[in-house]
C-alpha cells in the first residue's frame, strides 16, 4: 500500500552541531536501510527546502506510523501523509 | 530533471457526459503515451479525490509546461508544481 | 485498517428536487449497506453542516477509494481522508 | 452527546525526559480510566503525527471542557472540538 | 447548553426577488419564534456583512442541528458552530 | 455599542506558577468588575480551549481598546474584534 | 469613531453592461455624497484590484452598517471592517 | 505616492522593561517627526491589537522601505504593504 | 519604480472560443507594446499555470494601476502586487 | 532555466551582533559572486520586509538547490521556489 509523505525538518537553533550531526547520521542509516528493504520506495529533496517528498510501500497504515515515529529526526519534523492508490490511467497493473 | 505535480480535476456540473467521456479518453491516451516515453514517470490517484500525484522527468521546466498544457483536461485542472532533486540519503546515485 | 473521512456535500442550486431526492435515496441505501457490512464503521453528522465524519474499516487504501467514488453523491462532495492507527493509550488491543 | 476532538501535542524541546515520561504516564492512566467509564469512547492515533482523533460521549459541553482541561498534557495541546449528532443514514437509532 | 453560531448568507445572484423576500420573511418569523422560546438567546448582525453571530441555548447538540437545518435560509448559509461553557471568571453561576 | 471579542491566552512555558497565578487572579478581579459595570456583558469559555468569547458594551471603539489593553493577561493574548449591531430579526428594539 | 473598511467588488460575468454602468453611477453618487458629509473620510483604490480601502467616521457601528448596506454595489462586495482608535504616537489629539 | 502599511509589533517576552521602554520612546519620536514632515500621513491603532494601520506619502517605494527599516521597532514587526492610488469616486483631484 | 505583479487568468467556461481568442490577441498586442516601451520589463509564465510573474517599471503606483486595468483580460484576472526596491547586495547601482 | 525564489530571513533575537554581521557579510559576497556569474540573475528587496525576490538562471533544479543551501543565511530563511518558462507574449525569443 502506497503513501505519499512530506517531511519538513526544523532543528532547534541552539542544538549543538555534534548532536545534529549524530541525528542526521543515524537518520541516514535508517533511511537507507528502509530504502533497501523496499519500504521507503522513493526519497526526493524538495528544491530550496530542508524537506523531502517520500513514497512508502507498507502493509498497513500502522506500519507506516511505526516507521515514521522510529526516525531519529521525528521529534523535529512536521509530517503530512496522503494515501495513494493505482490511477486508472497508469500503465502499471499494480500501484507501482 | 524531476518535478512533483499535483492535479485536481473539476469538470463543470453541466458538461454533457459524452464530452466528459471523450475528454477523459483522450487524456488517458496521452497520459499513457507520456508514461511509455518515460516523461511521466509516476502517476498515482489520491484516495477519495479526483486528483493525482505525479512525478515528471523532463529536460527542462519549459518542457514540463508544454506537457501539462497539452493535456485535454488542463482547462479543468488546478495544478501545483514542485521541483525535486536527489536527496543526500537516497540509495540511488541519480535522481531516481 | 481505519480511515477517518470527512465529506462535505454541496448540491448545485439548480438541481431539480426529484434528482436530489433520488441521489440522496440511493446514497442512503448504499451507506446503510456499507454500514451493515462493517466497512463503514461510524457515520456522524457534523452539527449545523451538510457534512459527515465517518470511520471506514477497509482492507486497503484502494478499497476505500473504490467505496468513496461509488457513492452517488461523490461528484458533489469535498472529501478529506486521514489514515488512523491504534493509539498506545487505547484500552483496545486492536484498532477498534 | 458526542463530540469529535482532535488533540495535537507539542512538548517543549527542552523538557527533561523524566518530566515528559511522567506526564505521558499520568495522561495514559487518565485516558484509560475515561475510556473504561465510557466518556472517551474512541481514541485513535493519526498516522505520522503526535496527535489523536477522539470521540467523547458526555452529558454536556461543560463536562467535555472539564475532562479536556484535566488532562496532564492539556497545557501542551492544540485542541479542536466539533459537535456531532446522529446522521439520518446511520443504521443506529441513537448517536452511536 | 450554549453554542455560538455564525451564519453567513449568500443568495444566488439570479434568485427572483419575490423568492428571496419570501425566504427572508419566513426566516424572520422562525427566528423570532425561536428567540421568544429562549432557544435562540442572542442574535446580532456583524457590521458590514450579510452574516450574524448567534447564541443558542439548547438541550443537546442534536437539537441545535435540527433548529439550524429547519431555517428557510439554511441551504444558502455557511455555518460555524462552537460549543461554549461557563467561564470561571463569569459573575453568573450558570452559563448565562 | 456592542463588540464581539475572542481572546486566546498563551502563557510562556517557563513562567513561574506564582506569576501566572497572580496574573490570573488580577485578571479575574478586573473581568468581574467590568462585568458588574455592564461593560463586559457576556463572558464564555470556548470548550477545550484556553480562550473566551466575550460581548462588550462600550461607548466607543477607543473605550474597548482601553479596556482590553488594561487586562493583566493582554500581553499574552491574541485578540480578534468584530463590531456588532442590531439584527433586523431580533425581538429586541435595541442591540441587546 | 473611525473604521477601516476594505471592499472587494465582483460583478457577475453575465451582468449586462448597462446594469453595471447604472450601478456604478449610483454608487459613485452616493460615495461622493458621503464623502462630502464627512462620513466617508478617505477612499483609495488598491493598485491592481477592483477594491478600495476606506476610512469611515461614524457615530456608531450601527451607522456604519447602514451606510455600507445602502451602497448599490453592496450585494456584489466582500467587506472587511476593522475598528480603529487614536494611536498614542499620533501627533493629533483626536482620532484624525 | 500613497502606501497603506500595517505593522504588528511583538516584543520578546524576556526583553527587559527598560529596553522596551527605550525602544518605544525612540520609536515614538521618529514616528512623530515623520508625521510632522508629512511622510507618515496617518497613524491609527487597531482596536484590541498591538498593531497600527498607517498611510505613508512618499516619493518612491525605496523611500518607504528606508523609512520602515529605520524604525527602532522594525526588527520586532511584521509588516504588510499595499500600494494605493486615487479612487475614481474620490472627491479629491489628487490621491489625498 | 519596480513592482512585481502576479496575474492568474480564469476565463468563464462558457466564453465562446472566438471571444477568448480575440481577448488573448489584443492582450498580447498590448503586452508586447508595453514591453517595447520598457514599462513591462519582464514577463514569465509560471510552469503548469495559466498565470504569469511580471516586473513593471513605472513612474508611480497610479501608472501601474492604469496599465493593469487597461489589459483586455483584466476582468478575468486575480492580481497580486508587491513593491520592490534595490537590494543592498545587488551588483547594480539602480533598481535594475 | 529560470526559477523565481522568495527568501524571508529571520535571525534569532539572541544572535550576537558580530555573528549576524559576519553572516550578512559572507552572504553578500556570495550573492554578488553569483550575480556576476549570471546564475543569480535578479535580486530585489521586497518593500518593508527582510525578504527578497530573486530570479535564478541555472542548468538544473539540483544546481539551484545547491546554490540556495550554500548561502550562509540559509538556516535562517524560509524559501519558496517557482519554476518559470518563456511566456508566449514575451518579446524575447528565449526565457530572458
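Going in written order, the chains are labelled A, B, C, D, E, F, G, H, I and J, and every chain counts its residues from 1.
The rule we apply is simple: contacts are C-beta pairs under 8 Å (C-beta built on N, C-alpha and C of every residue); 3 or more make two chains touch, one makes a residue touch a chain.
Per UniProt, the chains are A, B, C, D, E, F, G, H, I, J = Muconolactone Delta-isomerase.
Given the structure is predicted, the values throughout are model-derived calculations rather than measurements.
Under the contact definition, chain G (Muconolactone Delta-isomerase) and chain H (Muconolactone Delta-isomerase) share the contacting chains F, I.
Repeated interface, listed pairs A-B, D-E or H-J, reference G-H: A-B, with more than half of the contact pairs matching by residue number.
Pairs D-E and E-F differ in how many C-beta pairs touch across them, and the larger number is found at E-F. Once the centre of each chain is set as its mean CA position, chain B (Muconolactone Delta-isomerase) and chain D (Muconolactone Delta-isomerase) turn out to be 40 Å apart. Taking each chain's centre as the average of its CA atoms, chain A (Muconolactone Delta-isomerase) and chain F (Muconolactone Delta-isomerase) sit 44 Å apart. Chain B (Muconolactone Delta-isomerase) has residues 2-3, 45, 47-48, 61-62, 64-65, 81-86, 95 in contact with two or more other chains.
The set of touching chain pairs reads A-B, A-C, A-D, A-J, B-C, B-I, B-J, C-D, C-E, D-E, D-F, E-F, E-G, F-G, F-H, G-H, G-I, H-I, H-J, I-J, using the touch definition from the header. If you check the complex, the residues on chain J (Muconolactone Delta-isomerase) that touch chain H (Muconolactone Delta-isomerase) are 13, 45, 47-49.
In the complex of the two chains, the chain E (Muconolactone Delta-isomerase) residues touching chain D (Muconolactone Delta-isomerase) come out as 1-3, 60-62, 64-65, 81-86, 95. Those residues of chain F (Muconolactone Delta-isomerase) that touch chain E (Muconolactone Delta-isomerase) in the shared complex are 2, 4, 27-28, 31-32, 35-36, 42-48, 52-53, 55, 82-91, 95. By the touch criterion given at the top, residues 3, 5, 12, 61-62, 64-65, 68-69, 75, 79-81 of chain E (Muconolactone Delta-isomerase) touch chain C (Muconolactone Delta-isomerase) in their complex.
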